[in-house]
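Please find one structure pasted underneath; my questions will follow.
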C-alpha cells in the first residue's frame, strides 16, 4: 500500500519537476527542479530495491553532475532570466505528445515476459550493493574498465577544451605568427 | 560473508582483449611521455601512434574466429575481426596526415594522439561485443573522444561542429538507452544472443509487437544518427565541414564501420527473427538516404560538403545491404568499406593538402569548386589523382569503389531486390554528376586566382599516403579475389 | 602470338602512360607512331585470323576474381574483328589529321587511353570486363569534348557522360541479375559471356533482362528518344572527338545488341522486334528530317549518324544472316564514312572557324580536291552501290524485308531522306557561286589531310566493290550466331522468325 | 499493485518530457538538462525491469548510464566553455554559420 | 569473246579514270581524244559482240568475281551479253562515241573540259553495267551509277547561282541535279523493294534463276514485284508523276542531254521492262497499266511541248513523250518494238539534241526559240541534221521514226486498245507540230537574234562529221526493222500483228501520216514565215496551263518540298529540342531542384536538426504502431 502511495507520489512529483525543467525559462528553477527530480528518482530506485543505484544516483547526479552544472551556470553568467527565441513551436509539443502516447501504448502492453530466467539474479543472502558488486566485478568488469577509460577521456577532454591553450588557435594563424608566438614563450 | 568467487584466468580468454588493451595502454603511454617531457614534436607522437596501431593490428590478426572472452562479454567473431582490421587500417592511413607542412592546432596536443587511441579502443570494444552495455560504453568512449578531436581543430567552425555533433549524439544516446531498456524489459537480457532466444519465443505475442518494434525503432534512431541516415543525417555535412579534412574523411569511414557492425548484429537479429518491418524500415531509410543525400550533394558549392553528402549517400547504399541480411550483403558491407576507405581518405587527403589557413577563394568555404578550376594546368598530377578518386567514388570501373558497388548490387539482386539494385544504379548516376562536376572544374575550366597556392599544405608523408590510396584505388582489381574470399569467409564463419 | 589481343588492348594504354614523359612538341609524332603500330598490330590480327572459323579466336582467360566469377576473358570472332581493326584505323587517321595545338600532349594521351577502351569493349568476353571498358571509354571522351570543344562543351560533355552512364548502370543491374541466374542454375558464379550463352531462360526473365540491356545499349546507339546527347556531343566536340565518337563509340551500342541481347535472349529479342523496329524507323525518318533542318554542317552529319544507326538497329533485329551481317558491315561502313565526313567538316572548320552552311557556298570551285572527297563520302553515306555504304544498307533492308514489308518500305525511305539532307548540304556549301569573300582564298587539302583521307576513300571504294574479305568472316560468325539462337529458341514461332540460311539448315 | 507497466509508463512519460526539452530548448546548457532527463527515464525503466525480473543486469545498465551521463557532462561543458569563449552566448540560434 | 565483253565494259571506265587524272588541271585536248578513242573501241567491241551473238544465236555469260555474299544471298559481278543487252550496248556505245567526239568541240571553251570527259565516260560505264548485268543487283549498281553521273553532269556547271523559278524553271544546275537524284531515289526505293520481293521468293537475283522460278510464284507476289520494279523504271524514265526532273535536267551541258537524258539513261526504265519481260508477261494487269501510263505520258508531255519556248525543253518533252510510246509498246507486250523504238529514238533524239547544242553554241547559250529564227543561213548543216531528226521524230517515212513509232501505234490498234491507239495517233500529230514549230522558229523566218547582237556561226567541221553516223542512222535505221526483229526475238517474245491488223496496216499508217503531215503543215503555217505572237491565246487558260506544266512543279514545291522543310524544322525545333531533349533536361532539373529544396532542411540550426531526429523517430514509431494493426 505504501509502495503504491510512494510510487504515485514520486511519479507525479518527478513528472511535475521535470516539466518545470524543460519548460521553465529560468535556468535556476530548471536546475533546481532537475536536481529535485533526480532525488525523487533515487527514491524510486530505493523503492525498487536498487539501493546501490539509488545511492549512486544521489552521489553522482545530485552531487557531482548538478554541481558541475551549477559551476557552469555561474561561469556562463546564466543565472539571470534566459531569453529563448522561437521556443513555442507547436511541432515540438506535437512530437513530444505523440511520443508520450506511443510510449504509453507500448508500455501498457503485458511487457513482462513470463518464464524468463534471470541471467544474473542477486546472490542469495547478499545485500544489494554486495550483489551489484559481485556482478560488476565479474561479468561487467570489462565495461567497468571501459567506463573508466571513458571517464579518463572525459577528463582529458574537459581539461584540454577548457585549457588556456585553446584560446589561441594555431589553425588560423599563419606560420609567421606561430613562430612569433613560440618565441614569445 | 559471501563466498569469494574464483575465476580461472584461462576462462577469461584474455587474448580477446589484447587489441583494445594495446590501444588503451598506448594512449596512456603517450600521456605519460607527455608528462615526462613536454614539447616533443608531433612526429614522435605520430610515429608512436602508428607503431601502437601496428601492434594492435597484429594482435587482431592473431585472434581466432568465434571466440568469447571475459564472461562472454567479448565476442570475437569474423565481423569483429574484419571491422577491427578496417578500423585500424583506416587509422594508420589517417594519422600520418598529421604531418603537414603547416602547423595545425590539434596536432600540437599530445592528448590528441592519446584521445585518438582511446577512441580506437572504444570502437574496438563496440564491434567486439554483443552486449548492449559494452556496446554503449564503447560508443560513448569513442564518441566523446571524437567530439573532442573535432573541437581541437580550434576554429569557430569546429566548435560549432563539435557542439552540434555532441548535442545530437546525446539525444541519440538517449534513444539508445531507452531502446535497450525496452528490449531489456521485454527479454530480461542485454546480450544479443539471449535476446534473440527470448524474442523468438515472444514474437508470437501480438500484444507486445509494438514494444518489439518500438525498441527496434529507438535503436534504429540511435544508429541512424551514427550512420547518418536520413533524416538523422543533418549533422554530417556541418560536422565534416567544421572538422579538419582528414578527420572528416576518417569520420566517414571508421565510426560508420563500427556502427554498421553493431547495426548488423542488432537489426540482423530482428530480420532473422522474421520481423520484416525492420527490414522495410531500413530499406526505406537507406533509399531515402542515398537519394536525397545525392540530390543535396548535387547542389553544393563546396567540395568538402559535397564529399560529406556523398559519404551519406554511400552509407545509404551500404545500409541497404544490411537490410538484405544475407551473407553476401554483409560481405559487401565490409568489402565496400575496405575499398571505399582508400578512395575516400585519398579524396579528403587531397583536400587536406590543398587546405589554406585563410579562405582565399571563398569567404565561407575552404574548398569551393572554384579553387580547383583548371587544376590540370597548375598541377597535372594532383588533378589526375583527384579525378581518379572522384571517378572511383562515382563507381567507374575498374577503380575500387566500383567493385564494392557491384558486389552490393549483386547481393541485392541475389536477394531478390532487383528494384533496389536499380535504385542503386540510378543513384550512382546522379552521384556521378557531382563527382564529375569537380572533374569538370579541374580539367575543363581555366584557372582562377593565383595558381601557385593550391597545394600549399603538402608534405612527403601526405604524398605517400595519397600514393598508397592511389595504388589501392587503381589496383583494386588485383586484390579483389583475396579480399572477397577473406571477408566472405569471416562473415560466413560468424554466421551473418 | 596467341596473346595478341592483350597486346592490342594494353599497348596503347602503356604508350599513353609513357606519353606523360614525352615532350610536348613531340607528342603528336609519338601519338601517331603508337597509333600506326597499333593499327599494324590490328592488321596482323586480321591476317592471323581464321576466316573460316566462326567461333572465338585468340581467346585468353585469366581469372581475376574467381569467387565472383570475374575473369579477364577476351577473344574475337568475325563480328568483332573488323570493328577492332576499324577502331585502330580511325584512331590512327584521326590522329594524323588532327589539327590541335592546345595541350596536344594531353590530347594524345587521352586518345591512346580511349583506344584501349574501345578495343577492350569489342574483344571483351566477360561482362564485367566489357562493362569496365565501356564505362572507362566515357572518361577520355568526356575530357576530349570538354577540353577542346566548342562554347557549350561542358554541358555537352557532361550530358554525354551522365546519359550514357545512367543507361549503363541499368545494364549493370541486368548483368548482375544474369550472373545471379547463372549462379542459381549452375551453382558457380560466372560473368563470362560465353557461359551466359548457354543459359536458357524463361520468357519473363528474358524480357526484363532484355530491357535492362536495352537501356544501356540504346542510349549509346543512340536510339530515339535517347539520342539528344549526340547532337550536343558532336556539335561541341573537336573534330577528332567526333570522328572517334561516330566511328567507334556509337558502334558499342549496336555491337552490344549483337553480342549480348540476341544470343542471350533470343525469345525476348524476337518478341521485341516490332517495338524496336518502330523506334528504328522513327529514328531513320525523323532524325533524317531533323538533319535536313540543321544549319550547321556538323549537326547534319551528327543527326545523319543517328539515322544510319537506325538502319543498323533494324538489321540486327531482322533475325536473319543478311540483316545482321549487313548491320555489322554497316557499322564498319558508317564508322568509316561518318568518321571521314567529320574529318572533312573539321578541315573546313580549321580554315574558317565556322560550320554554318550559310557561311559557305561554291566551295567546289575553291577546293576541288576537298569537294571531290566530300562528294565521295557523301555518296557513300547515301548508299551508292560500289561504295562501302551500299553493301550494308542493302543487306539490312533486304534482311528486314523478311520481317516486315511495310517496315522495309518505311525504312527504305532512308535512301531518299538521306539523299535529301546530304545533297542539300552539298549544294548549299559546295555549289553555287562563291558568295562569301572569305571563302575565295581557302587552301585546298594539304598533305596531312590527304594522308588521312585518301586511305578512307580507298577503303570506301575497295570495300564497296569487293566486300568479301570482310563480309565473309562476318557472315560466318553471324550464321553461327543465328544457328545458335535457333537452337536455343524455346518456341517454334520464335524458331521460325529466326531465319537460318539454307546451308545451315542443310547441314543439320 | 504497482507493476512493471506502471514504472515503464512513468519512464515513457519522462522520456517524452526530456524529448520535448531537447527539441525546444535553445539554450545549450538547459538543453543538456533535458538530455539528463531522458537518460534518467531510461534508468527508471532499467531499474524497474531489473526488479521485476529479479535480475541485476538492468541495474548494471543503469549504472553505466549514470557514468556515461557524467562523462557527457564533462565533455559537453568543456565544449560549451570553448564555444562561450568564442561566441559569448550559448544560444544555439546563433550557432548556424554552417548550413545548406 | 570474253575479252570483247571486258573491252566493251571497261574501256569507258579506263577512259573515265584517265580523264579523272586530269580532272583538276586545265583543259587538255588529248583527254577528249583518248576518251573518244576508248569509247570507239568499246563500240567496236560491242559491234563484234553483236555480230557474234547474231552468229551463234546465244548470249555470252561471264562472271568477273563475287560481290556480296551474306546469308543465302550471293551476288556476283556477272555480265550477260545477249540479244537485248548487246543491242543496248551498241546503241549506247555508238551514241556515246558520237557524243564524246561532239563534246570535244562543244566543251571547247569550258575550263572543266577534262572533268567533263571523266564524268561522261563514267556514265557510259555505269550504263553498260546496267545493261550487261546478269542480275538485278548488278542492274541496280548501274542504275544508281547512271543516277550519280547524271547528278554530276546536270550539275556540271555547279557554280551558277540559284535564281527564282520565274526566271528559270530549273532554278540552277545544282538544284536540277539534286532534284533529279532525289526523284530517282524515290523510284529506286521501289526498285529495291522489287529486288527484295524477288529475293525472298526466289532466293536469288540472277535473271535466269528468277525467270525460271516465276511460274511457281503466287500471282500476288508477281504483281507486287512487277509494280515495284516498274516504280523504279518510272523514276529513271521520268514517267508521270516523277517526270519533272527530266526537263530540269536540261540545265546540264547539251551533250549530256543528248546522251543521258535522251538516248540512254532515260530508256533504262524501258530496258528494265524489256529485260524483265517474263515477269511482266505474267502480270497482264500491270502491263496494261504500263501501257496506259505510257500513252498518257506520251500525250501529256507532247501537250507541254506545244507551247514551250525553250529549245532543249521542247526536245526533253518530246523525249518524255517518246518514252511513253516505248512503255506503251512494252506494256502491250511488243517488247521488240519497244526496243526498236528505243534504239531508233536514241539515234534521232541524240542528233536532235546535238543539233540543238550547235544552235546553243552558236547563240551563246541562248535557248529561247522566240529569240532565234533564220538560222538556216549560218548553220546549214545543223539545219539539215535537225530537220532530218525532226522528220524522223514526227514519223515521216521512210525515216527511222516512222517505222518504229508506226509499229507501236499499230500494236495499240492490234491489241484492241483503241483509246490508246487514238491517243497515240493524236500525239503523233502533236509531235510533228511541236518538232517543226521548233525547227521553223529556229531556222526559218526573220532573224530575231540580231536584236541581241549575236553572230551565229556553224559548229566545227569534225563535230558535224561526227554527227553523220547519227544522221545516217536516223534516216536508214527503219529499214533494218525486220533484221532487228529477227535478231532480238531470239530472246524476246515475237510480236506479230494479227491478220486483221495486217490488212489494215496501210490505212492505219496513212492515218498516222495524215496527222504527222498535218502537224508539220500547221507548224509551217503558223511559224514558217516568222513569229507572230497571239496575245489572246497566250493568255488563255490552256496555254497557261501547259506553259506552267500543269502547275505540277508548283504543286510539288508547295505541297511536298515546303511542307517537308517545315516539318523538318518543326521536328528539330519543337520536337527534338522542346520535347525530347527538354524531357531529359527536365529530369535533370527536377533532381536538381529537389536537391535545392531538400538542402533547405539543412538550416544550420541545431534545434531544427534535433527536431528532424525527433520527427524521424516519431514517424518510425507511428509506422511501428500502425503495422501490427494492419497485421
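Every chain is named by a letter (A, B, C, D and E) in the order it is written, and numbering of its residues begins at 1.
Just so it is clear, a residue touches a chain if its C-beta (ideal position, glycine included) is under 8 Å from a C-beta of that chain, and two chains touch if they have at least 3 such contacts.
Every value quoted in this text rests on a predicted model; they were computed, and no experiment measured them.
Counted as hops between touching chains, the shortest connection from chain A to chain E is 1. Minimum number of contact steps separating chain B from chain D: 1. Common neighbours of chain A and chain B under the contact rule above are D, E. Geometrically, the chain at the heart of the complex, using CA-atom means, is C. The chain pair B-C and the chain pair D-E differ in C-beta contact count, and the higher one is B-C. With centres taken as mean Cα positions, chain D sits 5 Å from chain A. Between chain C and chain D, the centres computed from C-alpha atoms are 65 Å apart.
As a whole-number value, the distance joining the C-alpha centres of chain C and chain E reads 36 Å.
Mean C-alpha position of chain B lies 78 Å from that of chain E. The residues of chain D that reach two or more other chains are 4, 8, 11, 15, 18-19, 22-26, 32, 43, 48-50, 53, 55, 57, 60, 64, 67-68, 71-72, 75, 78-80, 82, 92-93, 95, 97-100, listed in rising order. The set of chain A residues that touch two or more partner chains comprises 89, 91-92, 95, 99, 102-103, 105-107, 109-112, 116, 118-119, 139-140, 143, 147, 150, 153-154, 157, 160-161, 166.
Shared interface positions of chain B, defined as residues touching 2 or more other chains, are 133, 137, 140, 144, 147-148, 151, 163-164, 167, 171, 182, 185, 188-189, 210, 214, 237-238, 300, 433. By the contact rule set out at the top, the touching chain pairs are A-B, A-D, A-E, B-C, B-D, B-E, C-E, D-E. Against chain D, the residues of chain B that register as touching in their complex are 132-133, 136-137, 140, 144, 147-148, 151, 156-157, 159-164, 166-167, 170-171, 173-174, 177-178, 180-182, 184-185, 188-190, 237-238, 241-242, 300-301, 305, 364. Of all the residues in chain A, the ones that touch chain D in their complex are 3-4, 7, 11, 14-15, 18-19, 21-23, 27, 30-31, 34, 37-38, 41, 44-45, 48-50, 52-53, 56-57, 60-61, 64-65, 68-69, 72-73, 75-76, 78, 82, 84-89, 91-93, 95-97, 99-100, 103-104, 106-112, 116, 118-122, 131-132, 135-136, 139-140, 143, 147, 150-151, 153-155, 157-162, 166-167. Considering their complex, residues 102-103, 105-107, 109-113, 116-119, 123, 125-126, 130, 134, 138-143, 146-147, 149-150, 152-154, 156-157, 160-161, 165-166, 169-175, 178 of chain A touch chain B. The part of chain C that touches chain B in the complex is made up of residues 63-68, 70, 106, 128, 131-132, 135-136, 138-139, 142-143, 146-147, 153-154, 157-158, 161-162, 165-166, 169-170, 172-173, 176-177, 179-180, 183, 208.
The touching residues of chain E, when paired with chain A in their complex, are 611, 614-615, 617-618, 621-622, 625.
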